[in-house]
Amino acid sequence: MRFEDTNWMGVEAYLKKDDRVMLVLGACEQHGYLSLLTDAKIPKKLAEAASEASGVLLAPPLNFGCSPYFLSYPGTISLRLHTYLDLVEDILRSLYGAGFRKVLILNGHGGNTPVRDHLVELANELPDLMMRWYAWWTRPIVTQISQEHDLINQHANWEEAFDFTIVSEMPKETKPVPKSGDYIHGKDAIRKIYGDGMYGGAYQADPAIMQEIFDGCLAEILERLKFE
Amino acid sequence: MRFEDTNWMGVEAYLKKDDRVMLVLGACEQHGYLSLLTDAKIPKKLAEAASEASGVLLAPPLNFGCSPYFLSYPGTISLRLHTYLDLVEDILRSLYGAGFRKVLILNGHGGNTPVRDHLVELANELPDLMMRWYAWWTRPIVTQISQEHDLINQHANWEEAFDFTIVSEMPKETKPVPKSGDYIHGKDAIRKIYGDGMYGGAYQADPAIMQEIFDGCLAEILERLKFE
Amino acid sequence: MRFEDTNWMGVEAYLKKDDRVMLVLGACEQHGYLSLLTDAKIPKKLAEAASEASGVLLAPPLNFGCSPYFLSYPGTISLRLHTYLDLVEDILRSLYGAGFRKVLILNGHGGNTPVRDHLVELANELPDLMMRWYAWWTRPIVTQISQEHDLINQHANWEEAFDFTIVSEMPKETKPVPKSGDYIHGKDAIRKIYGDGMYGGAYQADPAIMQEIFDGCLAEILERLKFE
Amino acid sequence: MRFEDTNWMGVEAYLKKDDRVMLVLGACEQHGYLSLLTDAKIPKKLAEAASEASGVLLAPPLNFGCSPYFLSYPGTISLRLHTYLDLVEDILRSLYGAGFRKVLILNGHGGNTPVRDHLVELANELPDLMMRWYAWWTRPIVTQISQEHDLINQHANWEEAFDFTIVSEMPKETKPVPKSGDYIHGKDAIRKIYGDGMYGGAYQADPAIMQEIFDGCLAEILERLKFE
Amino acid sequence: MRFEDTNWMGVEAYLKKDDRVMLVLGACEQHGYLSLLTDAKIPKKLAEAASEASGVLLAPPLNFGCSPYFLSYPGTISLRLHTYLDLVEDILRSLYGAGFRKVLILNGHGGNTPVRDHLVELANELPDLMMRWYAWWTRPIVTQISQEHDLINQHANWEEAFDFTIVSEMPKETKPVPKSGDYIHGKDAIRKIYGDGMYGGAYQADPAIMQEIFDGCLAEILERLKFE
Amino acid sequence: MRFEDTNWMGVEAYLKKDDRVMLVLGACEQHGYLSLLTDAKIPKKLAEAASEASGVLLAPPLNFGCSPYFLSYPGTISLRLHTYLDLVEDILRSLYGAGFRKVLILNGHGGNTPVRDHLVELANELPDLMMRWYAWWTRPIVTQISQEHDLINQHANWEEAFDFTIVSEMPKETKPVPKSGDYIHGKDAIRKIYGDGMYGGAYQADPAIMQEIFDGCLAEILERLKFE
């Protein structure tokens, strides 16, 4: 059940028998040929499937994240990190205030990762709030499936090219991985290095592989929702 | 066209011929019997219709706003006002940085209104950024249609009960308007005063009236999108 | 009694028998031909009269508010909204810490209104702090008196032209109301639209009307000071 | 001329021939038997006299400052230091934006001193803004006059007991200086140590001495207003 | 050369021929049996060696970082993430203001990593500032050396047990890696899970291995200092 | 004992019998011919000697402070005052959280003084935290020794020229004290006024005088560490 499909009475009734909730942290940023909302769409799809399978409530998705390095690609909307830390904290405090005690955070974007550290400060303050963090693309299962198919995992490549994130014709060729070094690049340097915004490898993969990844992650999410 | 349905190349192409964009400011808060996302859904529906009719790009909706007074109703997620001011500012700076110069902000929630004042500070800094503010429920046209049908406009009553915001059986009776006074009430006082969260009047109105309101607002939005 | 006319022993003695206090939120901004401190002077005069009549303590006036849109008129001093929210919160926390529990806030300036929303967050934290908000120019009684005399209410027009806010010769003519649209204008646009800074209507009205308004508001303030 | 006695046209005319302005930083805090606004009243009186003698414009007084150590004395209103830094910065930015380039800051309260350091950051950003800081009670001339009359200078003692700051009967005796050590005391410790809030010495002095101090400081202020 | 061994004239002279500088980001936190300053000491030692070999200036070490999860271990000093972001930004702005354009940041602590994302915002603002980030323990060379010796890399285990970080007798046994799951643990949970604060594996390794790691990292740092 | 020479078990054992700790607040800023870290080195040396003599624990030194006025001297690293207030607060909260209740703050830099006022806010919140503030160069004993030797006390002159802060040849002559007035100078004005960065008087004094000062301050620190 999604927040948008219910009212406060629905949540109040739910909280009498359950205190779990899922929260999707997305982003609106360049993803090469893929949708600007790719990083929101993937965890949202997973969360909706997990909600249906488990009955766990799903909070509304946060469509904005931190992508300062992509600001030279039009369509990227990036929050300052300071803003983002406060924002996610506020959402979690509201959920806690309502009575939720077990939150599975489904993060879809690498640039959002610093908030995980900030939430430790919240955990110190609210020791009875259980928070789990799930970033699907960092999972061993994803790497494993990729390697089985001789594919590499990179931003905006096949790995994120689900049928619901593809919004245009996809290139057929494979792109070499650009060299970035260990510089802290600003937006213009990044666009110069990455060109179309894809970070290398194949642009698209067999739908069966995508399904395999989706199903693998969904299974892991359902496992985590047990909060054991 | 919505951001989520395109990629950065799509936005770059668009910006070569147009610099308008719409931004929906919503909220996730109690709306009596209606969806917790009512304040996001209504301006989003209007914006999607306006985008289709005009071709103006639509940024992703912000699903969270400021509703500290409703925090005793489970399902309400409220950002601190400080956080919210920064958040909306960041979104607008990103849009400006990409090249957008005319932004129509479609606000769906009264508690978000303070950010309008904050955006004047941004306007001082970026004098070539045109920002318009449209809050559908405050429009004379809405009051006029309501009065023609002997209806009053209140939070979470018939006025917001569109087919896409109704998520449960709606009460048939009419509710008297609770007395609130001019106190700055905290969350518990508010719940005590407003009970089911609806602020008085009828819970639902004839679908034809809803359509009339929707169409009236849509026409006004399309007019404003001309930025004349 | 005003804070400035007493010492801490005076306040301590007062708090043993009463816990009410008034706080004036003013502004220093262009008011056309009127005093730059118009928005502080009017609520201050009302508060002083109310204090005399009721014996309720009056805190020192806050002479600064939020007027970013008027910064192209010299003499306007405007605080960032972030600063203002913290400032008013700090004042209220100090009053609360001293033992005051009933605060009547007399706001004199529209640009300060966002802090009302911020104070809900404070109300959530301090549920035994009663705060009331009174903005004299928004009161039905003011509109009613105006309409009885065929006058319209606008920034810096006759409505605010009390003998204690007039600092120069006043124009005799009537000014048409400039068209502003629903743009979020920056300071330069505002000055271009509003010229002398008055928003339309008559510059001055009969002193008897001014007295009527003053007395009407004073009566309402005294009523509110009962905190019933 | 004071801001409150003029309108924006008055300031605009003034700025065509002068770019000097005075700003009073006060406080609302316990001053023993003296007015809670003592620290605003003294620099304000001095500034008004200086304005009359020199024609330099006087901005509205800031009635609130930083006095966390006095919060156990009712009537003290203290801003967090963070808030205060932003507040004074905002005022100065507005003055600068209007065209003022020479600001004489008349500080009346020791607890406000940290903002002086913060203003160096502003000076780095706005190198053509000249700011001078005058804290009357720290002046050698005041110490000298005191010593000539065998008086010591302490918070809320005779030194601040002007006819316009006295609000009650004053004790006749002399108070020994309490021992405070170099601890960073909180509010309760401070009240325990200082009792009636006066820091030692005589409660009142001969009016002629007070006049001598007032005149001496006024002369220094007028000298500083030359900005040579 | 270290900042502490020179004066401003020394830096001014240096800047005429070079614009490189190293900055050590450390932490003061529990490291099991090792020094509380382990995360500052290791990058500092590396930086001092690199400075000697290359002549590149070394700024003073920042001894404090973000370790909210270790606050139940006495001796841990942790900054809020918000504070830390501002702090590192301020240091870099000062270095930039002085004329440095190539900064190699030597981070010694995983909890500091979020600031790397924040620095992208700085890079957007100062495009001619080159910043590189080096976190020695994340380097492939370290993993490789470890694997060659059948050792695993964990917080506070042998990997950080250099002669200059060891402050007490070290346990001889090997510790199993505790299970943490993907929870965002607060400080008490962390202490319960990790006991003595070491994260598993051997407590100490052969000094030759330590030297091999030190030398490998030093070589990489010297390579990076070329800023090619 | 210094934090860096022990581990968390060492601190835990210490806290069972003692709750005192020293904290050094330094700065990295121009000191004329002296080390850029002069303001950290002097209190650190004193603290280390005091720790040895008394057994009181010594936290790691904070090498950065607030010196916005010296930013035109390369090598100066200055934190914004806002940042610094938070930073020192965070350190003290961590120490308090660990169980320390008596903190002697050894400040080495005048520009850090505003944080003393901020710590009063912390003292209000944590009334059982005793904090003492010691700024060696402001002590009567230092003035007295100086006067006995006909020396004046100024930034970066002989007074701070200890053998451990001298990093280059020292001028032999005496420098007249530059006139600064009571302006709030920005960085460029300051460099213009102070030239080599020394504020006047002799550049160096007899080592015996330096030892006398060091010993005098050390004795005072040891006295304060009794927290009587």
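Annotations for the structure displayed:
Order of writing sets the chain letters: A, B, C, D, E and F. Residues in each chain are counted from 1.
Just so we're on the same page, contacts are C-beta pairs under 8 Å (C-beta built on N, C-alpha and C of every residue); 3 or more make two chains touch, one makes a residue touch a chain.
Keep in mind that this is a model prediction, so the values were computed, not measured.
Looking at subunit D and subunit E, the chains that touch each of them are F. Where touching is counted per the definition, subunit A and subunit D have no chain in common. Remark: subunit B and subunit D have CA centroids separated by 47 Å (rounded to whole angstrom). Computed centre separation for the pair subunit E/subunit F is 26 angstrom, with centres defined by C-alpha atoms. Residue positions of subunit A with contacts to 2 or more other chains are 71, 80, 82.
Shown here, the protein chains touch around one cycle, each chain meeting exactly two partners.
All the chains close into one ring, and from subunit B toward subunit C their sequence is B, C, D, F, E, A.
On the side of subunit D, the complex with subunit F involves touching residues 66, 68-69, 71, 80-82, 85, 105, 111, 113-114, 116-121, 123-124, 126-127, 130-134, 181-189, 224. Listing the residues of subunit F that touch subunit E in their complex gives 3-12, 15, 28, 30-37, 40-41, 59-64, 71, 73-80, 82-83, 86-87, 90-91, 94-95, 97-99, 167-168, 196-197.
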